[in-house]
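Worksheet: one structure, shown below.
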Amino acid sequence: MNSLVLLVVLPLFAAFIIPVVAKFSPKLSLFTGPVVLCINLLLIMSAWIKVGSGSEAIFLGGFLPPVGIVFYIDHFSLLFSGLIAGMVLIVWPWDAKESRLYSLYMLLSAASFGLVLSADLFNLYVFYELLAVATYGIIAASPISKVPNSSATAASLRYLFISSAGSVMLLLGIAIIYTLTGTLNIAHLATMTTSLDGFAGLSAFALIAIGAGVKAEMFPVNSWVAEVYGTIPRQLSALLAGLVSKLAVILIIRMLLMVFQQQAAFDLLLVVGMLGVISGEMVAWRAKDMIRMLSFSSIAQLGLIFIAFSIAGSKGLWIGMALMLHHLLVKGGLFLMADRFAGHMGKLKGLAKHSPMAAAVFLVFVLSLLGVPPFPGFWIKLLLILNLAEQGGGLYHVAIATILLATVIETAYIFKFVRILYQKADADSTPINKNYSSSYTFAKLFALILLVSMLFVSPISNHLKDIANHSASPHIYINKILPTKQLGDRS
Amino acid sequence: MTFLDHLFIVVFISLIAISALRNLRIVDKLAPVLYGLILIMLVRMSSVAYGGDVYLSSVSLDLLDFKMHWQFTALSWYFAIITVVAALASAVFMSGDWGRQYREQGGNYGMLQLALIVNVFSMILLLGSGDLLSLFIGWEFVSWASFLMMVLSPTKLAKKSAVKYIVYAMTGAMALMVAIVMIYSVNNSLEFKQIGEVFTQMSTSSQLALVLLFFVAFAIKMGLLPFHLWQAIAYAETPGPGAAFLGAISSRMGMFTIVLVIVQFIGLGGLKQLGISFVNMQTLLAWVAALTTIIPTYIALQQHDAKRLLAWHGVGQGGYMLLGIIMFDSIGSAGGLMHVLNHASYQAALFMTVVAVMYRTGTSDLNKLGGLVTQMPLTFLVMLIGIIGLAGLPPMNGFVSKWLVYRSLLVNGQPLLFVAAVLGTLGTILSVYKLIHNTFLGQLRLEHQNVREVPWSMLVPMLGLSIIVFITGFMPGLILPWIASVQESVGLPVIAHHLGGIEYAKGGLDMIWVSGILFYGFGVGALIFYFLGGKSKRVHQYDNYAGGHFLTSDVRYHYSNNFYPGLMHLIGGWYRGSFKWLENSIVSVVSFFSIFFENIYRAKQPVMLLLIGVVLALFALYRNLGVGA
Amino acid sequence: MTKYSALLFISGLVFLLMVITGLLPMGHTPMLVGNAILEGAKDQVGAANVVTSVVLGYRGLDTLGELSILFAAASVVGLVLTKSSFNKHASNNDDKHDHHDSGFVAVNAIDLIFPLLLVVGMYIITHGHLTPGGGFQGGVVLAVAFSMLVIVRPRRVSINHGMVSIIESFAGVSFIVIGVVALFKGQSFLQPLLGHGEFASLWSAGTLPLLYLAVGLKVGAELAGLLLALNTDEVAS
Amino acid sequence: MNSFFTIEGILYFGAISLSIIGLFGLLVSKNLFRMLLSLVLFEAGANLVLVLSGFIRNGIAPIFLDGNSGAVMNDPVPQALVLTAIVIGVGVQALALSLIFRVKKHYGSMDMRTIRSKLEREIATQAGVTPPGSNEAPAPVKLVKGEAHE
């Protein structure tokens, strides 16, 4: 199991050598990254089988926790590791001009693996920052062809300011936690929840949640979304919206589930989630082009995920995980095919006639997004709402109303768009990009996965439930990471 | 395998077959056969409509710990048979020449067939639902299926209204979902009978919320006030027989669920206990129904497009159904339920006549038609029967159901509602006269000189439907047993009936007598007219004089534009856009918040948002937790 | 407007942070992990400077991550600035007036200081496990040494970018390789090897000095690269 | 409640003040470079808070030297953490600086607001739409025309 640390180390290694390799053989440097990711995928698969229904802890440097850094491996983290490897492979920039960009992608994937695996608070912060820096770089270095080169840089800079400020908040939160408890190991923190349940402890959680929320497209701190997604290639948007945002969410919910299982923390997530849902949908309603629409719809979906995590215990993780996977498929797919829907909405008339397949794939995605039976989105929404209703408490009921209101608004703007697609083309319509890019193929693949998963709703959900039950339990977590608890006893 | 399973299998196979073969010509002939097959499957289950046992499906789905199952009660069967007959008639109607013309004009005929079978499939699924989850899924299916049919229309306006429809439908679905969630959260069960049990356990405010949510969901589907704005245009613009089908039955799914949920499980007692002083839920719903009979009817009066006129009437007639069923007595509910079938039969027939006229003349604009009776006599006959039914005059079936509703209103001491209902009927009579006058009577237009009767493929379903209109009016006892078993199955007082009509302590109805006397009167009149009145001379239509002048054929003397000007002047101001205003103001509110949030997202200095977020979050925690050291 | 609302919320934040600070056990923190490390560091890692034990031993992965961040930042700076400005700069190099050497004093002082800085930097790096200091601090000194050379003699001295990138790759790779060697020996990633040696002497604490050397080289190379890239661009604009 | 008038209280106060000054500067300055400097201050304050979390009154530096075996040592972990955090901060700042150069070059301005507006316009142009919030009227509400209910 110790070898699983290679998930992080191999991409880092590749990132370091790529610039040098590129000097000798550009071709080789192009393939280094994908090869490493494929090796990672193999590692993940073998670990998936080895871990079984249990979990494993890796003690880095051979130091027993809580003094050392620990990687915690279970199906939850392996699932997301696999998704990271797959998603980065899908959006790999095959035509990049600079080998450094490959390095950045490798760093991004290393950071992502670290974020899902690590069980140490400060280590998570380091990987979060690595992810952030790699993201700024990738955004700044890969503008889409239609905008001036530097607007991506400007978007990246504006993103950098708020994201760095958020990181500082995160750091403050970590500092408060460390001052209160004297430890950074999440499992160790989980044994000391009593010293964290006051105002100081929860304010640390709030700082962490909002600080990391910048990346997770949390409500007040997500104004970067439209700017960044508007200036970068769609594949990259698919990666950022589909995956990177989820990694920040995972950071937040790790803290939530293991350490801060308290109503005040849940309420915080619930409120920001609700505001995110309603504001995202409302702004998307006014959007006149697909990218802006998708950006804000993505904010709304992330809000939905936060609402899901405000359900206590493993149910929240179960539903939230299902929502995350669903959103990854749908929003990832939509962004991957967004090139075919570029430009002002009004100019897309007749697209359905021109490429019926693209329109059909689009429909599959949006219907699932809206939660129309029998698409998977429906079941997830149903579960979410039923479980919210079970929670009791006025705020949860407001959340239900918000979600349903948002769905109506979502229907309005999405079908406004669909109507345009199915209108007759006129002189104003722009000629449609007929190039079948590879990302469109992947979008079709995503749609296919969505359709197939429709048939296996129950097994998938049961499996996710098992994973969630296992991963959301602080007991298992503590027992695995602190087998001896030699230090926990002192607290 | 029960009969119900067979039904589902046949419907599903039909769906697959039609969607596979939809672009081939064979689908023309195949579709009617398949609908016939479905009808046979339904007829096999007819015992349920005569007091037999409920059919349970042996299929049940276990998804995510929810158990879904399906069943057919008398209520389901009653609505299903209407659905399938309407679909059969529509399929026959479009199987022949109409379909050919539609194809030639660039319409997507295959999609229309597909939309029809998808509609039938989803409606059967909804009607067969055995618990709240399958109800919800069926509900969504029906919404999306009718959306599929509506978007087939080529015009921009129709597509726009289809999108409007789907927004409304989604609102309804969400309301339904909240209601279902409310029920589920009490006992963690989604069975129908939970509705009643949970309802009695709830607090009054929750009860009110539950009833309102259910009602909003169903009212949106049924197009009751104030949710009626989507329906007429969306239905009117649906191509040809699709409009006939949708207008006949689609929105009645709302009626089905009202009976299933509100009438059956919440009941009169439940509705009556909600409210203050003399206004309770029952009166509220009754007045919604009454207003629905009036307002859309008078909007219909203002239309000059035949399809829209009919579609608006479709909205208005929904009011009678609700008005009847909300009285909760034997005759009122029988009237309401029976009106579903009656309305479906004449509405489908009327839509088909209009489509037939359009098929020959290319227009449904009432200002551009006239005098077609000589060219299309059979279509005229169908329309005549249809409008008599629609206006609720004897001897057609519309009379029976409306009579029952009126009677119930009077017996229950609701004179004001009775007046409202009569007012609605008055508007109906006026506007159906406008319909038939402007289309078939008066002067034939020159360009319509060569118009011929429509082919038999279109006439047969029309005539068949008008025979149903007449027969069920002449002998309502054919239908009344079904109504009685529906009443029995949903726990309403059962109507006493015989072949000719009903027996009722305060005055029954025997349509055989009524019709007999009517025909007798007609007979006497005809005798007088033909034998005693004597001389008449047949002249050509253009052989006309006015004020001593010979009128040439190009002089327009057919009075069709601006019908009922005085009445329009009186009522026009009231109807102009009062509900549009409501719709627009909702849009404005959403716009307002949308711009508000957009400006938040356009913050010049995003870090400010971070600061505000952090401070507010910390402050909320500080307020909640205090600083207990 | 912004100023006032900023002031309002900032004062709110100040108040809340003060409240939080009041709740913290200032000056006598629990130090659970800290005490465990202070107790065990001598035996487990063997570095006199406990901070070094933490940086490279207990939390070695953090250090690797941080090196990667520096590497990422340097890559991005290279990507962003080279693409637009280096080429332009090269073409109109000669027209610029301010590419003179700095004055006599600066040039000669740097010539004098440069070797000294190198020695100091290397010293700080190699004694990181014994005294305050280490790879980061020493690396910064090295970077400053080289960049000062370039600053005072922008025309005559130039640093080979290829060399810099090879050094940074090499340093990063060697850090990882040292970590992975332990993995191949059946131990955990970044586990200290080579025994502890004599406590508090230069040759002690196993692989830690080697790691710090790698860190120092890496930090030096990255920072030098960063400074040079920024410097060049500033001149060009 | 601890007293603020202790050495650590004063230190905490200083650290928080530093980060607050940074945050305030980040909010009110328009110039990108000043914003960056404010960010540096903000981070420095947070780093101080972090390193203070290992502060023990009368503690000594955590280095084993001859003769300090019995003394109370400060917590070594925050010192290591803050080392990492500082280097991370340096990386981010260098990155930001390079982005600022690039932005300055392209937009000819260092004003955050100007850049925001220009960026918005560029995004809108490439998407083929009017920029959000330009002086356009709110979504027009169609008045009902002569014919009621169409």
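In order of appearance the chains are A, B, C and D, and numbering begins at 1 in each one.
By our rule, a contact is a pair of C-beta atoms (placed from the backbone, for glycine too) under 8 Å apart; a residue touches a chain by one contact, two chains touch by 3 or more.
As the structure is a computational prediction, the values presented were derived from the model and not from experiment.
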Central chain (by mean CA position): A
Of A-C and B-C, whichever chain pair has more C-beta contact pairs: A-C
Greatest separation from chain B - chain, by CA centre: C
Interchain centroid distance [CA atoms averaged], chain A/chain C, Å: 31
Between chain C and chain B, distance of the C-alpha-averaged centres to the nearest whole Å: 75
Centroid distance [mean C-alpha coordinates] between chain D and chain C, Å: 21
Chain A-chain B separation of Cα centroids, rounded to whole Å: 46
Multi-chain contact sites of chain A, meaning residues that touch two or more partners: 122, 126, 129, 133, 136-137, 140, 149, 153, 158, 161, 165, 176, 178-179, 182, 184, 198-199, 203, 226, 286
Multi-chain contact residues (two or more partners), chain B: 591, 595, 598, 602, 604-605, 607-608, 611-612, 614, 618, 622, 627, 629
Multi-chain contact sites of chain D, meaning residues that touch two or more partners: 1, 23, 26-27, 52-54, 75, 77, 81, 84, 88, 91-92, 95, 99, 102, 105, 112, 116, 120, 132, 139
Chain contact graph, described as a line, ring, star, complete graph or other shape: complete
Residue ranges of chain C touching chain B (in the complex, touch as defined): 2, 5-6, 9-10, 12-13, 16, 19-20, 22-23
Residue ranges of chain A touching chain D (in the complex, touch as defined): 122, 125-126, 129, 132-133, 136-137, 140, 144, 146-151, 153-158, 160-161, 164-165, 167-168, 171-172, 174-176, 178-179, 182, 184, 226-227, 230-231, 286, 288-289, 291-292, 342-344, 347
List of chain D residues in touch with chain B within their complex: 1, 23, 26-27, 112-113, 116, 120, 132-133, 138-139, 141-142, 144, 147-150
Sites on chain B touched by chain A in the complex: 62-64, 133, 136-137, 140-141, 144, 151, 154, 156, 159-160, 162-163, 166-167, 170-171, 174-175, 177-178, 181-182, 184-185, 188, 590-591, 593-595, 597-598, 600-603, 606-607, 609-610, 612-614, 617-618, 620-622, 624-629
In the complex, chain C residues that touch chain D: 2-3, 6-7, 10, 13-14, 17-18, 21-29, 31, 33-34, 37-38, 41-42, 48-51, 53-55, 58-59, 62-63, 65-66, 69-70, 72-74, 76-77, 80-81, 84-85, 130-132, 136, 199-200, 219, 222-223, 226, 229-230, 233-234, 237
